[in-house]
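Next, two complexes with chain A in common: one pairs it with chain B, the other with chain C.
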Partner chain A sequence: MQTSEIKYTVPKSIKKDTVFTFCPGCDHGVALRLVAEVLDELNLREKSVAIASSGCSVLLYDFLDVDCIESPHGRACAVATGVKRAHKANGSDKFVFTYQGDGDFASIGLGESLHSALRGENITAICINNTNYGMTGGQMGPTSAMGQITTTSPTGRNKEYHGFPIKTAEHIALCDGVSYSARVALYDIKNIINAKKTIKKAFEYQLEGLGFSFIEILSSCPTNWKLSPSEAHKKIENELTKTYPIKVFKDIKETPNV
Partner chain B sequence: MSEKELLKGNIAIARSALAAGCSCYFGYPITPQTEIGEFLSYEMPKRKLAYVCAESEIGAINMALGASATGAKVMVSSSSCAVSLMQEALSYIASDELPVVLVNVMRAGPGQGHIYPSQGDYNQAVIGGGNGDYKTIVLAPSSVQECVDMTFRAFYLSQKYRNPVILLLDGMLGQMAEPAIIKDNPYPETDNSSWVLNGANQRPAREIRSLEPNQNKLIRHIYEMNKKYKALEANETDWEEYQTQDADFILTAFGTMARSAKAVCNYYREKGIKCGLFRPKTLYPFPFERLRELTKTTKKFIDIEMNMGQMLRDVRLSILSNVQISFIGKPVGDWLSESEMIGAIDNIIKDCYANI
Partner chain C sequence: MSYITIDKTKCKSCYLCADVCPKALIKKDGDTGKTGQATVRFEDKNNECLACAQCAMVCPDLAIVSVIKE
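Our next item is the complex of A and B:
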């Protein structure tokens, strides 16, 4: 009888002997691994500059084995614009992507994010949406769902007191400069596979020079949600996807700008 | 090039930036510096250089942060209340040790103030408006020719020391035209191949970051930055002296105010009164040592500024205790004329001179 060997390999774009320091059950590790796998498959590691921002996402440079620069909180898309344009002025084309949280991309940095999308900057932005400010201990963010309990919405988010959450991928899809805008999740194998395909497509669109590509990754934050990792994934599957549907909102190849 | 031309300060800065090899400009309109961005919006695309009309000054300075990490020569220009918006990123740029040139064509403040010229941002530029232990090199031109020369120097110093440089001038100089010559870049290029971000090809990946959770590493980083500042203070401090050798009293002034002060100096010299002028050209590093030396022979100093006395603090810090320091200033735009200065100075020195 033949036995097949299961071999665990680490993507080349992840630093050697890396131990992810995220909380148990956090989806950041999965998201970063997918990014690394796609960088490997598209041979992008050597021509990439990644932009990390504030929050848990800033730890990117501890794990990814690519050139990285940190941006002030929220300004990742502006920093990416500078990196991309400066290389272009120097006659070289680099692959430039940001890795940000939802507070970073869609609250404090919404101006920089939206205008980079409107200008059609040829960069890719990845936004990890875990519906709260994770690093500071789970405060209400721009994406916290209606009714969600956080340390700054102790009785749950309500419209009278807190207003409504932002549906980032839908908003970005409205910008003419955008080539691709989609929301994915990581709560089961099927979704993880879909997420990787989506990240790959967004990266390929940048390589083709089609403009701003965007992926919102719906992610778990078990520590701050006060749930077990599997309960957190169930919450995404059963509750959050109602507010935040898993969908491609814009694909310029399918529906060109009018 | 190399011909004498009638040039406006703002245009002189924009053209000198291009001559210095600036390949990226990011900006947002604000009076009285808008001509810099307008001129470059026309010139840079023609040369396939990076020009972005940013969504805000916050966007502009962060684009500069990213662009400078590639080793490019990067310039951002703005004015007073909008430079305030850039202070967060400026602190990051200083900690990241990135070369960015920021032009502040000062208008009146505080708050929105108005578009009148002012020197009200001395403190913000020199002491620093951002958080943490960092310094920004500050150059203060007083003529259009110096706008040219100091733009070249700003790019050179920013690359050499990997530090942000502020070119600090008031709105009058930005808007004023006078003859100047733009020559070729007099400074050598700096090798930045050891730190730029251009893809981890045939070398380990690099990171440029200010976040440092390891306390010892953070402490070391700040000590290293401080060593750089000591080198700057030792090597790059620059000033102009005018008839200070035998002066009974010395005027201290920077930027355009120093031009009026020089005329005032001449006025007193013609009357046989020994007046001198001391003009810092670098506001950081400030010429503390030279000014202190002068206090050994001159016992009266009069600081003149277009603000309520900001450089005055550094003048006081320079000077030994048995020296008299007076201040003449007006906060904004309402130009301190020579006759006003003379009136005020006469009052200060009248006890010493019988013929006033």
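Our next item is the complex of A and C:
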């Protein structure tokens, strides 16, 4: 007798008949799908509040079937703090996560993000690092790699004029309130599976109440890098991972705060 | 006979699935999608599909709706 087994279907936490409006080959689609799969696996859809922020990441509220708040530019972690604390005061424990871009988390909202981490707010922050301001046309961001050509650094990023890129996951890992800080990538199958495990772990740390958990997802932006989707993935594998190593920088269960 | 289902209205012709398929069963189709480029189609004449779901995992647009192993 032949039996059929479903190996993959679209996650339930993604709204029915969703068509992503991202550019062709953009890793935002993969990242959002992984988040939705983890929400399904941990059965969090009904008790989650997602905080979207400005940039391509804001489109989350159109695609994920969870309650969403759209925060001002860069202030997602501050809004998440309010949501988490207000619900806690009311006696209902909500699962709160933010979904932000690198320009949002690490440049415009660096103060809010860093101080949420220092306070050890029990939220999860996901930062999609595509090394530029994607939605507005590919301007240089704080995370643009050295020598990277963007619309506002036409001769490439150099240390005399622009300075050095920020390594968000390493910086967040230094804060004592942080339970988990890691960087993952999405350029091949192995890394996609690893990214899903990492997102799940970060979500579980929030459910256990261990403090701020953070994941930086190294993502491609084929349109603004002016590469094909597969060339963009090769660029991440061969060039960007030298600046941004794929690693877990802090895991409070393995290295507790002194 | 394992198979995948592709929703062509969602396909944006990035061809990441065609690159990743270990049996090279995903090919460019004659139809053009929203981007004006050829969408992809699944062609498995010799029942080679492993249902490994790697195509679904890399697809950024949920265009691979399901992977069924039989």
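By definition in this document, the second predicted complex is superposed on the first by the 250 of 258 C-alpha atoms of A that agree within 3 Å, B and C clash if a C-alpha of one lies under 4 Å from a C-alpha of the other, contacts with A are read in each partner's own complex, and residues count from 1 in each chain.
We adopt the following convention: a contact is a pair of C-beta atoms (placed from the backbone, for glycine too) under 8 Å apart; a residue touches a chain by one contact, two chains touch by 3 or more.
The structure displayed is predicted, hence computed values, not measured ones.
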For A:250, select first, second, both or neither according to whether it touches chain B, chain C, the two together, or no partner.
-> neither
Once the structures are superposed on A, label A:183 by its partner contacts, choosing first (chain B), second (chain C), both or neither.
-> neither
Between chain B (first) and chain C (second), which, if any, makes contact with A:115: first, second, both or neither?
-> first
State whether A:26 touches chain B only (first), chain C only (second), both chains, or neither.
-> second
Considering only the touch criterion stated at the top, classify A:230 as touching first (chain B), second (chain C), both, or neither.
-> second
In this superposed model, does chain C or chain B come into contact with more residues of chain A?
-> B
Looking at the overlay, what does A:69 touch: chain B (first), chain C (second), both, or neither?
-> first
Taking the complex as given, what residues does chain C use to touch chain A?
-> 2, 9-10, 12-16, 19-20, 35, 51-54, 56-62, 64-70
Could you please specify the touching residues of chain B with respect to chain A in the complex?
-> 23-24, 26, 48-50, 52, 54-56, 58-60, 62-70, 72, 74, 88-89, 92, 96, 197-202, 205-211
Please give the residue numbers of chain A that touch chain B in the complex, ascending.
-> 15, 45-49, 51-52, 58, 61, 64-72, 75, 78-90, 92, 94-95, 111-112, 114-115, 119
In the complex formed with chain C, which residues of chain A make contact?
-> 2-10, 14, 18-20, 22-30, 33, 189, 192-193, 222, 228-230, 233
